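Next come two complexes built around chain A: one with chain B, the other with chain C.
And now, the complex of A and B:
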């Protein structure tokens, strides 16, 4: 029988009903907040969380990442995932926090261009394994000195890791190997599946080697095409134009500076003497005040003053684009197109305070594009800080930018059905995602503009290549048409002039070829003139 | 200068970088997870969180809710919100937890049809006030015995409430009054604004009186049309067909039963002796086992067995629909239509284990519909457990169900431009929302079917009403046409028969009226026959 509480509950009684819940309990009920929703998306998100952590850890330790992923089907909708890297590994102190406690991590407070989230990813995955299979995840890790294996699960009531079967191992191993099982997930081959996620990760991270074995035992190897680890992104200071009052107060509480004046100078980007003098005139209090004592209305005065003062645009040297040559190498190796155009634009700033940078590549012909029902179609690969975005394409600035361009101007008559692979990477310390899912970029005006410029720049080069191919094709057709009639013409001339018909044929052929060559030169000259005009 | 960490970070060093974060810090960075995103949506969500808590508290205490809301504009994008109720109030022990600590609350673990969330709402709103204005929220509360006022904010680092300026007051007050300020929000009058949210809340909760003063000092009063507080929803036991292995393990850990057999009997809906006997044959272990000792694979065996055994469908007596008459009263009072059809369907079950119930009303003519650019348009009001859903209409099963019906069959030629208000309320302990935003219902097959049936049932009645109006109009036109020619015909007949033309006119008029009455009767008879055929 169901219980009933029909009588009145008083305020006093309510006290006993109040319970506190751990963040793990909360997320257990709201797995979709972690992207762990839907059979297909969940499996891709699991791979994303592990692989992202592996690449970040390797780069932090200045190791060229080598990552192995294996997905095995144990039963319908029941899979085992194995991810192995050659990174710095975890210690007995960090292993539980990294994989068995939500909201613990190293990345939360850093203002740094990064792949990772906020210390939820890998532990969220552990929780998913636990609530779908009842099993802990298995970990093997070593740093060259000590190697150990253990099993990790989460005490959901407390949000604390439970570590079991800890075993010290003799064998030397450097890196991290995780094996975990999941139910209610599904492996698919398509555009939103793990194989495509890893392929795109390899394209945007040409210094990483990824090996993948899918549930059908098919092997994929994406070998690194670049031997250098990308320079580490710098931690940036906030630009005055991009800071909110609440953020300013938080910064003021944690600064080492003893006066507001030195707090401003040390903790903000582009804060010069002149700016500080201007600010001091705009606020009602003395800038020699202790920043820890800063009141809300004073912080508000500061933020208002920041809006009035001219600062240099934010420093952009913390941005770490992949780079034109690296993208080209990776695309050539993995996409294998006939032709490719790559553009890395200069850094720009959105909303006055947030630097970003756009990289675009368009690959044409060859194996570019994707095949749907035997038809070649356009393929758009979206990335934010080198991480592939596979979901919510419709709401993303990148998709909108591609759709906003009149591709017929670039010799592409039917963009949907053209064998193109469009690669777009947005780099920023503050990627403006549209939602918590982090799968679509908001269409900030400045970002849209840069995306469009980069796409059009690549479009122009693709256009020329296609135009060249068309001219070549037309010449070939012209030549063939002429050559088809040469025997007849030669025969007719032979009858009129009595000259040797074989010789006449040869001469006519030479004439046609010379004529075609002349035409070609004219087009080239015109193009060169056009180019000079465009560049001047 | 930005710092660089160019040297290698070892696994040991990483230990020092590990930090733990409070759930408040996490949500501060992810306010969109709480629906607190976008200037317009944020203000509506604030009102929603406060009003929902007020209604729930009043109902728990069996008090007829009387709620006052006032929104004042302090400066552009800067508002003060005041919400006052006549509920049981808070005590000095509960006030901090209820309003100043995330993930603390009374509703988290209850399997009960409810409006509220999981102890995030009101505290999330406190945090928003704090990070946009730096100000605490102000609270005045009393339970008839003691009355006090205080200010509440959140220690974000610890996720603990900070209570300041606690004052005991002499005056008697019963209820809760909250005043809070917010920046970066915007008040709008439209369909997604607070006024519309409150209007719809009043329609779906006809026992609540809501007074609202908008930023232009305009007053709205939605008076209760019903004097009874709805019966309290019962706490339900999970149905065996709807339970996952993880949930079974959690239930087994917290049961008071000492044997699995009594655990099954006491803690599940519809678990009879016969079912237990069948289950005992399907599992590999003894059902006299201690449930606390239940292992994962054993729980898995139980869940598999549940799938094979036939159970009665879940109990549906825990569902608390609004009820046909109450919806009709509320709609007539607030929407003021010309005609209304209301259907409360019988409870049904989706995915085998989750009971739900659908209520639909269609109001036609009068003030029904909404006015856009001077044109009357259709208005669709979506509710889940009496809570208005104002966002994400496109992805919602309710919108899909409305669009899936061929309204032309129901005498509605152009549904978009018809003065209709369609009201739909989905009642369930487990509303299948499409996402964390809780603004759209997933299109579960059984739910779609019930929605369609209810809509079509209302549609039929609306159709008859419209047909009746059309016939009346046609009769009127016919009569007018006949009457127009009667003087001429009477004059002609007078010339032929020499009878008095005035008398001829009267007779002809009587003839026409009798003829029209006869037609009317025929139609009614046909309709009665049709109805009988339909009902048999």
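And now, the complex of A and C:
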């Protein structure tokens, strides 16, 4: 696969090359590319792959997802995972491809906002089960009419599914149930464990109900807070500014167009006549050639030309944010904060070619934040296309954006030790991850800017709330202070003047209450004044 | 020659307990009326501290300025002090009505208690009650002795002078016949309590250290030189200063001050002469602007050949000397010269260094 070509190769030849090496064999040797490294991370990744597939399948079939996950410990570092959904199920022809053939999904090389970007997940997990236990995975699936069960493993050399013990069942079932066993994995409760992964998945997918039983038989239920299935994201053609040489060759290989000129016109976003004219002047070859015969250096010339031509910015209507109200509902249901501020920014473009959009929520008080050693600390929930990112927090643009803000300006004196849950969802047709582990977002300039703006917008609202709370607290403290001194003052004055001390007490209390009311009114008036000044 | 001392006329500083009690009553009544009318109860006091202290060039006294401040109960920053002031007001009113006196430490303990339903005390430490006492002094235009309060006594007096303690069986005694210790100066030296009957002396010698005071008593210095010895034991206490003041104005005795040759010693002299910043309001009743200084000075080191018995000045001494350079009442040519010399030489000379010559050298 490495590009150590001694001579120029055409896309057609390249395709041949693909077939010669088993993708399955390649991935077996490079498991870390799937994020399957580390005992804790591996188990969380397994859950992620199954749950993501289930949600996607349900959404495609316009079914409100209901997902059940159970993890049981068989022996130390040896677990069984069961995932069940209420989706459309798989057929006897699709079941093998879906779970037993790497790179067999429909998502590869498509520019569409999606949870997984490579579609290797579920089959990768099958392989992991196979190489750690030697056992196949067990599948039960049905479409409401026909139900069948089977066992699936992978022929690693051929990258082909092996289906065994196929059985038709009488019972009525709709959905997919997978049972698989894994060794060298470990279940943990903390921030990087499956429970937290599922909690966050529920927050970012408020239309999903998730039930989870952990190895200690503890049960978690995250009920859906909205009843609508999100609209399907639209697939978009790649924008010329966001394409690499490698991708261009792959696209050229798959196109139906017979000439490069029509390939550019049909397969790219914002590619007009004028742009093609300009490109033809910038490249050394004839644009009428067959795209399948496109050579590497020619593709390079095209990409270089794209950089010099002015295109319209890519269309952003393909993005599907969660939405302000939905985030708020989900956070209120799961985090139960005292106060929450939510911002969904308008879509923007990074690197000139990729549309993206940022959603931020900051929850304050209540159950917000995480508890470490009995201390409430800040909790940052990172998401990419609604998928929780639990690892590599330090290298992630979201963490960097949070840390780049001077929170003291927002009435938050010590951000680390404040009961805050910061929710950030980045959606894009192409999320720029820092590595194949797909756990940290690269700090693209435009993305950082949008993240900061959204965080600061939420910060302003939180700041207002905290200021109000502080005022309320101060009023309460003031009242208490005055009230505790009143009996002493009344008694002392009584001793000298013989005035009734009860009467003095009552009068003083009334004085205090009147004074505090007056102060409250002044603050409100000032705030109103400030607001009108801001508006005008 | 023994001479009778004329008793002072009634004036400010010489009011009766009843008169002061009445002022407290009027203040309490005013506050009650404000409460009844729904007004924020308040009283006025004088701002203390350097910002409101000035040096009166004509009288040669440190005096409190005219800047006043108000304490309001409904001000969250004042509420606690206001409450404390009312407690002290009621308690001193009681003392005055029942002819009782108390030390400022005693009134602190008498008033200290936990406020109902809280974990807070009316006073957390004595500095709180001391500050409030000063507030109240100003609010009713008097000083603490008039509120039947006094500080802890310090200082001693020796010499041929007859005093009468009106509060204690009218005991009449001569202070040269009380043994070597002399008379322990009480903290309340008001004329209605301690009367100066007669005196047989030409001047008062005020001495900083107790050791030097004892040395001079032992050497019979008072009799030989016809003087009264007052040992302050460091900075002069209020009662001691009040007594020195009365010896000067009632018994018409000149006052001479003898301290260590260092900034702290010189400041003791300055307090006896011009008054202090902390009690700037009462300088008229405490200070003696005509007081003279006899030593030690840094010049004495050469005059008496004491070079080998000087002590190194510490950093605090030097800092103090620098501060004192700026005080208006140290702006005389001689004192500026002494202070600058001290800062430059970085040495001090103690009274007792004179013992280097011989124990009785000083006498």
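Quick note on the criterion: the second predicted complex is superposed on the first by the 421 of 536 C-alpha atoms of A that agree within 3 Å, B and C clash if a C-alpha of one lies under 4 Å from a C-alpha of the other, contacts with A are read in each partner's own complex, and residues count from 1 in each chain.
Assume contacts are C-beta pairs under 8 Å (C-beta built on N, C-alpha and C of every residue); 3 or more make two chains touch, one makes a residue touch a chain.
Values in this document were obtained by computation on a predicted structure and should not be read as measured data.
Engineer: Scan A:435 for contacts with chain B and chain C and give back first, second, both or neither.
Structural biologist: It touches chain B, and chain C stays clear.
Engineer: After lining up the shared chain so the two structures overlap, which partner does A:292 touch, if you call chain B first and chain C second: first, second, both or neither?
Structural biologist: neither
Engineer: Between chain B and chain C, whom does A:504 touch in the aligned arrangement: first, second, both, or neither?
Structural biologist: Once the two structures are laid over each other on A, A:504 reaches chain C alone.
Engineer: Check the contacts made with chain A and report whether chain B or chain C touches more of its residues.
Structural biologist: Touching more residues of chain A than the other partner does is B.
Engineer: Is A:315 touching the first partner chain B, the second partner chain C, both, or neither of them?
Structural biologist: first
Engineer: Does the superposition put A:133 against chain B (first), chain C (second), both, or neither?
Structural biologist: first
Engineer: Give one of first, second, both or neither to describe whether A:237 is in contact with chain B, with chain C, with both, or with none.
Structural biologist: The answer is first: A:237 touches chain B but not chain C.
Engineer: Where does A:512 make contact in the superposed view: on chain B (first), on chain C (second), on both, or on neither?
Structural biologist: A:512 contacts chain C only, not chain B.
Engineer: Tell me which partner A:89 touches in the superposition: chain B (first), chain C (second), both or neither.
Structural biologist: Once the two structures are laid over each other on A, A:89 reaches chain B alone.
Engineer: Please output the residues of chain B touching chain A within their complex, sorted ascending.
Structural biologist: Residues 2-12, 14-15, 17-23, 25-26, 29-30, 32-33, 60-62, 88-91, 93-94, 97-98, 101, 103-106, 108-109, 118-120, 130-135, 143, 231-232, 234-237, 244-246, 249, 269, 296-297, 299-300, 315, 317-318, 435-436 of chain B touch chain A in their complex.
Engineer: Considering the complex alone, what residue numbers of chain A touch chain C?
Structural biologist: On the chain A side, the touching residues are 478, 481-482, 484-485, 487-489, 491-493, 495-497, 499, 504, 507-508, 510-512, 514-515.
Engineer: Contact residues on chain C for chain A in the complex?
Structural biologist: 24-25, 28-29, 31-32, 35-36, 38, 40-41, 73-74, 76, 79-80, 82-83, 86-87, 89-90, 93-94, 115-118, 120, 122
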